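Got a structure for you, written out below as structure tokens; questions coming shortly.
Each chain carries a letter (A, B, C and D) given by its place in the written order, and its residues are counted from 1.
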Amino acid sequence: MRPKEFHPVPRPGDERFVVDESDGVVWHRCHHRSLYADTDRSGVVYHANYLRYFEQGRATLMRDVGYPYREVEDNGFVYPVVELGMTFHRPLHYDSPMWIHTRPGLLERVRVAFDYVITHAESGELVCKGFTRHCALNRKNVPVAVDPITARAWKSFPA
Amino acid sequence: MRPKEFHPVPRPGDERFVVDESDGVVWHRCHHRSLYADTDRSGVVYHANYLRYFEQGRATLMRDVGYPYREVEDNGFVYPVVELGMTFHRPLHYDSPMWIHTRPGLLERVRVAFDYVITHAESGELVCKGFTRHCALNRKNVPVAVDPITARAWKSFPA
Amino acid sequence: MRPKEFHPVPRPGDERFVVDESDGVVWHRCHHRSLYADTDRSGVVYHANYLRYFEQGRATLMRDVGYPYREVEDNGFVYPVVELGMTFHRPLHYDSPMWIHTRPGLLERVRVAFDYVITHAESGELVCKGFTRHCALNRKNVPVAVDPITARAWKSFPA
Amino acid sequence: MRPKEFHPVPRPGDERFVVDESDGVVWHRCHHRSLYADTDRSGVVYHANYLRYFEQGRATLMRDVGYPYREVEDNGFVYPVVELGMTFHRPLHYDSPMWIHTRPGLLERVRVAFDYVITHAESGELVCKGFTRHCALNRKNVPVAVDPITARAWKSFPA
């Protein structure tokens, strides 16, 4: 079972976004390095810690498209994770430089999703893929429709 | 989309195992409590931390069926996570007592899986469900067939 | 620089408390095991994770002396850490059973402290020592005097 | 008990280093932002997570002075933490931008130390101070003298 190839090419003029040459899809990206704290005794990054990288990916994406998650919460909404999935293709070791690629996934009436692809920043090799799906809650933790500013961010993300 | 019900009943004589009354399936279980360290600023357990609970579930199961994961590694095998998935139904808060239910999932030639269900230990409410899938590697990180002792643990787990 | 010896002996009738034979001091204790998640690529528990063990130590102590920290917060107080220190004597590895020994430290008008000693549960060897110091805040995060129930817990802890 | 003031001013030509105006001492610095994962249910960064920031501080310092910790280990040395201490002055919240200031501390025959000061990157306010002390081990975990390249990094750090 071979993962789909991933060939990100930086967009001229704004290197925070890349185009996957294999299918033309645009992704946001940010750079990160694994810490000693992230590794486990097998010498590689412990699987749960990729969820921190995913969080950094979506936080940076939201900031870069103009709606930081802190503002989402200031506006009275919370988007807890209700589902997630990941597949691991190659391990990251200590002090590995990585690109965290993130893009908006499915937009539903009461839920949004993010997709992620992490690659080794030097070799370009595929490390892992995953998604998180979030429901919209208001300040009282009552399910509500996705707020209009978030929905607009989903719709205006380059296709 | 309503999660399948989960009605675990302790097995007489060995309360480390329960039978799900709704379908007769046997699960191992262990008790745990969330720490302050596990929560985030929304007041509930941060999603990534459930993967710690899952690890505790499978480690305790393996110890209780007689093949602690430490011995698996001493015998020259490693079983890194290659895929995982989770769905969240209700949040856990600080100092929430929980039951972590674990059972062997699919056994393949070169992979094994675990299934998990976490419930609130007092209310019995469903908190989350998930799985982890692991590939077998030898000491040199080369993929190999699942070792025979692990395979036997899968086959002998009460159906 | 040799650490002071530590020779805990369970108190007859309540094994949650031990007496250090070398100086007669009473400690609360609870049992724990290190997870794979706690280790790093050097094969031992990453230093920051001992602070989780310390949290588990003080949370269990507070529950066992009748004033769980959840109730402290329900009563309108928060006790954030304002200072901490640790010394490491021997490492813990994966799946190491440990005793977390905790006792109330200095009680001041606006601060309380806990002291900790972690030992390997099988060898009895000293793993680490440490302390955390906490200030008292009310619900509005304003510094206040240590609440009377907490102060009583400090004063009534067996000397 | 008032913390010593800290007035870092970027060094012209290399903003990775600052001079503390109050005493002329030079510090390395790197920028970071707190994640949701770092916070706890009181709304602020959980104390143990500052040790991650410290690790990022010393890893970035070592890389910037030309001896990344990965190379230290490749050369056959390990520097586990044997002692640490922290004091907390003001909390960081979610998505708080921070400067992590790090500098080499005491250099002993068999141990080295780092000092840290974290400030809020916008307000400049002091968040926490701390240190970590590390012993030198060889590949067999035997205590050895601090390796000469590390010692040189300590000695050549701008005073």
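By our rule, a contact is a pair of C-beta atoms (placed from the backbone, for glycine too) under 8 Å apart; a residue touches a chain by one contact, two chains touch by 3 or more.
Predicted model, so just to flag it, every value in this text is computed and none were measured.
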item	value
Distance-maximising chain from subunit C - centres being C-alpha averages	A
Interface copy of A-D among B-C, C-D or A-C, judged by whether over half of the contact pairs recur	B-C
Between subunit D and subunit B, distance of the C-alpha-averaged centres to the nearest whole Å	37
Subunit B and subunit C, separation of their C-alpha mean positions in angstrom	28
Computed distance of Cα centres, subunit B from subunit A, in Å	26
Interface hub residues of subunit A, defined as touching at least two other chains	36-37, 42, 44, 48, 51-52, 94
Interfacial residue positions of subunit C with respect to subunit D in the complex	42, 44, 47-49, 51-52, 78, 80-88, 91, 132
Subunit D residues touching subunit B - in the complex, by the definition given at the top	36-37, 39-44, 46, 48, 93-94
Of all residues in subunit A, those that touch subunit D in their complex	33, 35-37, 51-52, 55-56, 59, 68-70, 73, 94-95
